[in-house]
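Next, two complexes with chain A in common: one pairs it with chain B, the other with chain C.
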Partner chain A sequence: MGHHSNWPEWIYIGVVIALMVWVGSEAWNAERLVEHIPADAEVIKVTGQQWFWSFEHEDGTKEIGELHVKVGKAYKFEITSKDVNHSFNIHDYVVLLDAVPGRINTVWFAPKEVGEHDIQCREYCGLIHYNMRGKLIIEEADTTS
Partner chain B sequence: MKSILGLFLVLAILVIIPAAHFVFAAGDEPDGYLDRRVVIWNLFYRMMTVAFTVGAVVSGTMIWLCWRFRESHPKATPTPYEKEGVW
Partner chain C sequence: MVLELQKPRPIWQIMFSTHHTDVGLMYLITSLIFLFMGGALALAIRAELFLPGSQIIADSMTFNRMFTVHGTTLIFLFLLPFASAVGNYFVPIMVRYKDMAYPKLNAIAFWMIPPAAALIWLGFADFTWYANPPYSIISAPGPAADMWIFGLKILGISSVLGAINFIVTILKCKHPDMSMGQIPLLAWSFLTSSLIVLVAIPTFAAALFFFFSDRLGVSGFFNPAMGGNPIAYAHLFWFTFHPEVYVLVIPAIGMMYEIIPRFSRKPIFSHSSGIFAFVLLSMVSFSSWAHHMYATGMSFTEKTVFMIGTLAAVPASAMHVFNFIATMWNGRIKFATPMMWAVGGIALFFSAGAGGVVNAAMPLDFQTHDSYWVVGHFHLFVMGTIAFGSIGFLYYLFPYVTGRMYNERCQEESMIILQSQNGLL
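This part shows the complex of A and B:
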């Protein structure tokens, strides 16, 4: 081959490597931040089964299809399933994690404002998957305690 | 070889070292609870900005290459191989 310059190739390789490093580090850092569960997070056991969600709070309170939480507190969901794979999703809070039989998957979030949000199964789990919904109800923080 | 090392040094200073610093020295956990929506959507918007910028540069370069090196371009010249007729 002639003595043509390799510079464009090296610049291209350098730019691609730099971009990949940047994308990787940004994504890794976001994941690290999101997965760091606060020590004072209250545990809520979430169980998916055909075709509804049930919840158990730390104090033993159980709920079906509705989940009541307080604004400004952190909650850690311990998610599992009783039958087939489901996926626990609170779309408005970007909470999404599979519910797998025999496994406990954890994800956390801290509600910011009072309101109601949809909970939906995001893994096709049978005939009534489309209606495997729930309601997240965020209430005012308890000021009495 | 020296020039290539120089290029990588410049790239490292510009991008790689700040990125690595950002990851490893990020102030550990922020005060209060972080809002995962903010973290996740910010990441998404940054990545999309980069993706569209890179897409524009790459497709722009390809369009320019096709336009500049077409046979009918006023400054088109045959390559040495074409001139000699030997490959």
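This part shows the complex of A and C:
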């Protein structure tokens, strides 16, 4: 001990701290942009319960297990649960937020292409958690009405 | 001790002794038994997941029970008792005292583990090691859940008693000629991790009481149907169990600090930076608990605070890695068994830490959260870093305790198998 110089360690620690500051500020900036919900986003109420998802559109239409949305629109999910904790996840669009009873969590997304994607529960919620799935169906934008 | 082999004592004399080496051995044997039991559950879980659908495990509830008990067993009944085993054996020797400060308390802390383990294994609860209210309050079948609560309660008391004993032994019973700076890094690791236990565990102990009275229906702390908030449980749980990860990893790093200088045939590069990094780690361990909860609907500000708190742990961990590499640098390294495990552990510590930075970064966390990525990250820490340091130290300890030598070749193969398996994780 004491017979070595310490400067390599200080340079190394400086590099590590600089890297962390860079990662942190990039992440902060990205999250700030991602969380900004567009003003014209349509609200969809999402409710999780053992062991299925139900949805309610702004016009009152209700769906169970399937969610129909349109390309080019922004949607804001208001997520809650009727019984225990669930987690609402559309993996292909990186939509992930817990459904907690007694609480409404919001997240938004804007579908880009027509197609079908999986909706799943991503928080352990009991016996059939593994099969608590839904379908997100993205349709062509409505041009007739 | 070495002499024991020449004139073996009856087993009950070791079992009911309060001497620190005997209690250490009992901790060691207990932890290894639970390593096998928890490991057997892990093998069954992986075998079941080999193909989609149900193969060897009859129904999903049995599977859920298995991963719950797997996690609870390996964290509380393997890793923690293993660290206590090493601490019991070496801390009094390292601070040059005849025994632990409170030998009887030490034996009591050990003997709390078997009944707690029996409660956890006979109950076989299903709600994951996080317990996850309100599911565990309104849905989980009793008495499994209640047995789990009492099992964890007893283990918490045992941890606190052990921590008090380590702190008093190191601070009050060390040789008067020994300054704090001269205390070996392994003993320092037990001092810092015991301080974390003392601050962190009571929070979860309180949460367990709330949780139990919620299950009885007399309160509704975490039950929204009675006006409670499950997120409050998440805060209480992670305020204890994020620091708990450091309680596990700090002694493993301390063990590597014993192994690496010995087999590099050089003194530790910087004893003081090792101490500094331990103290720093024990402090930042409390600044990051809510990074487990980004997806519960936290505000942007909360997430930012806990991201910064999490990233703050990286420089302190990096100081240890630097210390290890600088100690090995230009050393005459002998890749004996314990050294192989320690170096493997450092490599996995680095990869686990790098994965941790990805989890801490807010937007990336929403990609990885609640997925097998996090399971992999966590196992790189516990099975990679902590178990590698521990098993390396076990091989380091073995000739010292028994006076015999193990088969080096046989163990090299086991190390290579485990290392490649961790790579696959």
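To be clear about the criterion, the second predicted complex is superposed on the first by the 138 of 145 C-alpha atoms of A that agree within 3 Å, B and C clash if a C-alpha of one lies under 4 Å from a C-alpha of the other, contacts with A are read in each partner's own complex, and residues count from 1 in each chain.
The definition used in the following text is that contacts are C-beta pairs under 8 Å (C-beta built on N, C-alpha and C of every residue); 3 or more make two chains touch, one makes a residue touch a chain.
Every value quoted in this text rests on a predicted model; they were computed, and no experiment measured them.
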item	value
Contacts of A:30 with chain B and chain C, given as first, second, both or neither	both
Which of chain B and chain C A:126 touches, first, second, both or neither	second
Contacts of A:18 with chain B and chain C, given as first, second, both or neither	first
Contacts of A:98 with chain B and chain C, given as first, second, both or neither	second
Partner chain(s) touched by A:84 [first = chain B, second = chain C, both, neither]	second
When both partners are placed on the shared chain, which of chain B and chain C touches more of chain A	C
A:8 touches, of chain B and chain C: first, second, both or neither?	second
Contacts on chain A seen with chain B and repeated with chain C across the two complexes	17, 23, 26-28, 30, 32, 34, 94
Chain C-touching residues of chain A, taken from the complex the two chains share	1, 4, 6, 8-9, 12-13, 16-17, 20, 23-24, 26-28, 30-32, 34-35, 50, 83-85, 87, 89, 94, 96-98, 100-103, 105-106, 122-130
Chain B partner contacts - residues on chain A that touch it in the complex	2, 7, 10-11, 14-15, 17-19, 21-23, 25-30, 32-34, 36, 38, 74, 92-95, 109-110, 112
Contact footprint of chain A on chain B as seen in their complex	3-4, 7-8, 11, 14-16, 19-20, 22-23, 26, 29-30, 33-37, 39-43, 46-47, 50, 54, 80
Touching residues (chain side chain C, partner chain A) in the complex	60-61, 64, 127-128, 132-135, 138-139, 224-225, 227-231, 267-273, 295-297, 300, 303-304, 307-308, 311-312, 314-315, 318-319, 322, 326, 357, 360-364, 366-367, 369-371
